[in-house]
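The following pair of complexes shares a single chain, chain A, combined with chain B in the former and chain C in the latter.
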Partner chain A sequence: MVKVAVFLGHRLVKIALIMLAIVIINFSLIRMAPGDPAIVMAGEAGASDEQYVEQLRERFGLNDPLPQQLASYVLQVAQGDLGYSYRQRRPVADIVLERLPATLLLTGIAFIFALAMGVLLGSLAAMKAGRWADTVITTFSLLSYATPIFWVGLMLILLFSVQLGWLPAFGYASIGGGFQGLKHVADVAAHLVLPVLTLGLFYMAVYARLTRSSVLEVYDMDFVKTARAKGISESRVMYFHVLRNASLPVLTFAGIQAGHLIGGSILVETVFAWPGIGRLAFDALLQRDYQVLLGVFIITSLMVLTFNIITDLLYSVIDPRIEVA
Partner chain B sequence: MSLAFWKAFSQNRGALIGFVIFTGVVLLALFAGVFYPDSPWDMVTAPFQPPLADDAFLGSDMLGRDIAAGIAHGARVSLLIGLVSSLGALLIGVTLGALAGFYGGWVDDVIMRFTELFQTIPNFVLAVMIVAIFTPSIGSLVFAIAVVSWPPLARLTRGEFMSLRTREFVLAAVTTGQSTSAIIFREILPNSLSPIIVAASLTVATAILLESALSFLGLGDPNMMSWGYMIGASRTVIRQAWWMSFFPGVAILLTVLAINLVGEGLNDALNPRLARKGRA
Partner chain C sequence: MPILGRILEQPLVSRPGPLNVARGSAAYLATITIMAVVLLILSMPLPATAQTEDISRGGTLKVILQPEPPTLILGLNQQAPTQLVAGKMYEGLLRYDFDLNPMPSLARKWEISEDGMTYTFHLEEGVTWHDGEPFTSKDIVFTTTKFLPETHPRARAIFSNVETVTAPDDQTVVFKLKKPFPAFILTFEVSSVPIMPAHIYENTDYLNNDMNNQPIGTGPFKFESWERGSNIHLVRNENYWQEGKPYLDDIYFLSIPDAASRALALETGQVDVSSFNNIEPFDVPRLSALPHLEVETKGYEFVAPMMWIEINHREAPSDDPRFRQAISYALDREFIRDNIFFGLGRVATGPVNSVTTHYESDVRKYDYDPDKAIALLDEMGLEPDSDGVRASVEFMVMPYGETFTRLAEYSRQALSKVGIDLSLRSTDSAGWAQALSNWDYEMTNDFVYQYGHPALGVSRTYVCDNIRKGVLFSNTMGYCNKEVDKLFAQAAVENDAEKRQALYSKAQQILVDDVPVIWLLEMEFPTIYNTRVHNLTTTAIGTTETFADVWVEQQGQ
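After this line comes the complex of A and B, so read on.
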């Protein structure tokens, strides 16, 4: 337990440093943007007379020297203040946090789906290496590397909502459905199917390919032969000896790709009108609401960092020889 | 490029297919102005024409623009942005990776922390932000895509440089008093080129995907027709007109697939010992 605490302590320091760097990137992006930030802000607020612009400049300390501005911006973000959206007339932190649960639900389920199906298909492909199932899985992953994720979403809508009419194409729940309890859960679940499939298919292919090669590698190792020689059943060998070891590289990769998954959710949420931060970012783009965009960037970065910690912890659960460090 | 290389490459069926498709896309991009001399933004026929219509064989969009003309002209944007931004990523990645791998020590530490930072950041979100803030144009798209694509190239180059740094021929160059730049450019870089070429070709593929995603969100260059834009603009009418978003998507899929296949073929041909082994 102490080790885990020390690990988390180290990680928190690292997170703080990375977040600092991200906030600095944010700050320099705003400063590098063409045009006077005060005029941009005034535009966002829908007013542009000289006096108001000067007032904004004063209020946001735009007349201070740059290092001082940076320091106050860092301090502000550290206190959880992500700025103020003049479009929506609300603090950015509130807007983003309100949308966070929907995104967590979508990315979380998509990730679990991708990991479970990927490992399953990958081990199947490995056990039948060189046969048709293997070819199908390899071809599928090659294709999904090359397909734009938003287009997959549109084509799934075309097939399952427009042609077959099986699943809803847009939103989080039926409008005016007013379902309660279990019915509401079922309604949301139906709305989740297509976005989860869209987001998950690509990663499923990636994990399947990884699992395949890593299972093939572990399969030939001595300890697996020993296990078989002891007369352990084939499925037990697969689960307890092969998969446990083969899943480590998959997990490493999953950790590295967390940022990618969250980036993909912007596109998927845009296609399916899913009310998460991705959709929020898209709307902010249309309205040129940069404050919200910057807030989304900070929150998604935090999500990635949290996700990385979780995968590191899982790592030591799967392989106790690896100590958290 | 030796004879053995071409032999190995041409024996790889996937790579050949990829090469043929890719050549087709390049020709389409080069001769877009010949096939479709008019601007792809012009209204040439009635709106909502389904495919195989008389004057637009892939159909027309909501404003009567020819989908086929859009795809031909979009090929230019995709290839241009894909190539130029990959060159940019290559420049950043190889420079940083070479410095880190060659000097080691604190230089390596600083550069690798910097690379890790860029690998942690959700890079699509960063790209969206850069393009949005600098206003969409070819320049800002290329810059944004290059900024988010270099880390894998840097890590790869660093690894190559670190392992080559201690090899005899490099030590010999050091002993004979060659300058640092000569050692880097004449001794190490040429020997680490083949994995870098393979990685760069895959970078082009992801760059094209990134460009299409950005222009899907409406962040494409407003003066240039692109595949992502075509899909993004017509997605609201997908119930009535599937062809408007279907064909540009197929164009992206084929182009990216072709580049990936060529990249894998290059990998197998350039690194025959590693071919088909331990690759995910």
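After this line comes the complex of A and C, so read on.
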């Protein structure tokens, strides 16, 4: 237990330093893009003059020298204040946290779906290695991996929404439906099917391939032969002996992916008009809404770093031979 | 009714003479029976597809909203999506029909003095704000003297012509101008001069007012909720000043970021209306072929977008009018209209859109003629080098959709035929706005709104004193012709309609000879709507209008 506490302590210090670097690097990167939020809003307005642009720049605090803006931002974040979006006239924390649950819901379910299906299919492929089931699964994985996500999404919409009319084409819930309680849950669930499928198929392919090769490797090991010799059934061998040992590479990848999913579902969010933070970040970039963009980066960085720690802790749970260091 | 016709063509009796009822009685009886049945059928109520059917009250309208606006307070922000939503909640003094003639809105009648210096507006009675406060002339005075000059660049320019605004009583407003300004009557459209509530904004910091999250207007719909990233919900204003209106119960504005998803949403009927460039031209033919969708291009006469190639005159050879004329001859506008914009547009002939007032068609024409272009370039002394290239220019692709990328590619192809080599440079909208306003460009596409009158939306592109670095929609080319400036200045204050037209015509003719920008198309935006929607486009601002008259067929009809 003490070891874990010490480990966590070290990690938290590292997190603080990494976050500082992230803030400084992202801040500088964003400012390197041409244009600023004032000119974007002037362009959208269809008419402009110096006073309008100057007013906006003054409000947005863009006239201070850059190092001063950076310093005040870092201090602000250290105190837990993510800033204020002048474009939307709301605190950044509100904006980001409002959109975060939708992304977490989508990516969480997609993650579980991808992991479960991927491990299942991968083990199946490994068990039937060389036979037709293996070929089918491997080919399917390759197709899922190689096909662009947004194309898959659009094709699914075309089939299930337009042709068959089974599922809604976009959105989080039926607009104006006014559903409450269970009906609302069912409504959101119906809207979740296609985006989860789109996002999940890609990652499922990765897990399937990884599990397959990992399981095949473990299959050849002596202790598996021993287990079989003891008379244990094939499925028990798989679930109780092989999988736990084969899962380390999958766990590593899953840990990295979990972090990606938080910030990286922008394609699916765009195609399905899902109100998540991936789209928020993309819109903020186009609008040069620096505060919102940095706010999203900070939140997603924190989540990635957290998942890294959890992954490391899980290693030692799954394989007691590994010590947290 | 062909059966009836055929029956009537046949004689009721088989031969001439006295009516021989007994002989033809069976046929006669059958005919009478058929006629009776037919008359019975005709007397039954017609199915609900006739033109003169009754308006159906209630129902929900779903409109595409793309991109999501930063705010809904129309006085603070006037981009198209803001207008789309806020136009239902706010109103202006006047409305304009498709020919840009003023019609009453919050002002029920108005007088303009002989010398054109005094405008008197008589306001509607019994109008209240959404929070119940009465609407009076005080709101107009506040809006036009304090609020808009502080926040709204276009209104600021308009009201710089005004000497005083006074309110002799609660229902009357009088504008006294510094000098005649005939375009003034065209400036009271809701997005140019949205009337803001004085009781909420007076003596406050307009940009940071607490009520900025709760728009309060006089319009037929009230703000209900805004789920960011998802939708905006407006509900019927029960106390709207027009009796019996609006007909709709709710309007939802749905945010759909992906272009293909927007088209699909219209196909599946999940949305009813798209406007402006929500749907790109190449998607329009497919959607207009669907039986449940209609496409129309009316409703954009006020904005009348004019699309051109903007060219920086500060670099040779773009400073030579012959170079610009050559480019104008080298581009096939009909091809652009038909193959890149899929018929959505009219070939432009000059700086003024044909639906804007004071349009002059008698100008030099630049028909597609690459030989004339080559002749001009030869005259300039631009000889082709070993690769056939006479001049190299960088072209910044306008980041406003796939269509403009194709237009840039077409321009490159067409101009390479006359020896002008274009290198395409891509950027996003912020980068484009930055580069254009700071003159850091050589050529690019642009389109600009005209707002109904050359003094309001056209002259700003061509006059010398609008060459302002860092400002968009100004004279970024650096073109300066004193004569054009004089003509525009004189026309803006000329009360006599004929003299004014003559001045504007002369200005257009000179500009078309000088070619400061290369006009391509008068853009037409497609408003695509479900056939269940009626009275959608009734004025020159189309879908950004209040929708007080819009009604929908409800499920089951």
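Everything below uses one rule, namely that the second predicted complex is superposed on the first by the 271 of 325 C-alpha atoms of A that agree within 3 Å, B and C clash if a C-alpha of one lies under 4 Å from a C-alpha of the other, contacts with A are read in each partner's own complex, and residues count from 1 in each chain.
The definition used in the following text is that a residue touches a chain if its C-beta (ideal position, glycine included) is under 8 Å from a C-beta of that chain, and two chains touch if they have at least 3 such contacts.
All figures in this text were calculated on a predicted structure; none of them were measured in a lab.
**Student:** For A:Gly181, is the partner it touches chain B (first), chain C (second), both, or none of the two (neither)?
**Tutor:** A:Gly181 contacts neither chain B nor chain C.
**Student:** Between chain B (first) and chain C (second), which, if any, makes contact with A:Ile256: first, second, both or neither?
**Tutor:** Only chain B; A:Ile256 stays clear of chain C.
**Student:** After the superposition on A, what does A:Arg87 contact: first (chain B), second (chain C), both or neither?
**Tutor:** So A:Arg87 only meets chain C here.
**Student:** Using the superposition on chain A described above, determine whether A:Val271 touches chain B (first), chain C (second), both, or neither.
**Tutor:** So A:Val271 meets both chain B and chain C here.
**Student:** Would you sort A:Pro320 into first (chain B), second (chain C), both or neither based on which partner it touches?
**Tutor:** In the superposition, A:Pro320 contacts neither chain B nor chain C.
**Student:** Should A:Val53 be classified as contacting the first partner (chain B), the second (chain C), both, or neither?
**Tutor:** Once the two structures are laid over each other on A, A:Val53 reaches chain C alone.
**Student:** Once the shared chain is lined up, is A:Ile22 touching chain B (first), chain C (second), both, or neither of them?
**Tutor:** Touch status of A:Ile22: first partner only.
**Student:** With the two complexes superposed on chain A, say which partner A:Phe170 touches: chain B (first), chain C (second), both, or neither.
**Tutor:** A:Phe170 sits against chain C, while chain B stays out of touch.
**Student:** Applying the touch criterion given at the start, work out whether A:Leu280 contacts chain B, chain C, both or neither, answering first, second, both or neither.
**Tutor:** A:Leu280 contacts chain C only, not chain B.
**Student:** Going by the contact definition given at the top, which residues of chain A touch chain B in one complex and chain C in the other?
**Tutor:** 33-34, 150, 154, 157-158, 162, 270-271, 286, 288
**Student:** What part of chain A is in contact with chain B in the complex they form?
**Tutor:** Checking each residue of chain A against chain B gives 18, 21-22, 25, 29-30, 32-34, 142-143, 145-151, 154-155, 157-158, 162, 206, 209-210, 213-214, 217, 249, 253, 256, 259-260, 262-264, 266-267, 270-271, 281-282, 285-286, 288, 290, 293-294, 296-297, 300-301, 303-305, 308.
**Student:** Write out the stretch or stretches of chain B touching chain A in their complex.
**Tutor:** 117, 119-126, 128-130, 132-135, 205, 209, 212-213, 216-219, 228, 231-232, 235, 238-239, 242, 245-246, 249, 252-253, 256-257, 260-261, 278-280
**Student:** If we count contacts the way the header does, which residues on chain A are in touch with chain C in the complex?
**Tutor:** 33-37, 39-53, 55, 59, 87-89, 95, 98-99, 102, 150, 154, 157-158, 161-162, 165, 168-172, 175-176, 270-273, 275-276, 279-280, 283, 286-288
**Student:** Along chain C, where are the residues that touch chain A in the complex?
**Tutor:** Listed in rising order, the residues of chain C that touch chain A are 60, 62, 67-68, 70-71, 77-80, 151, 153-154, 156-157, 207-208, 212-213, 227-231, 233, 250, 252, 254-258, 260-261, 264-265, 267-268, 270, 427-435, 437, 448-449, 468, 470-474.
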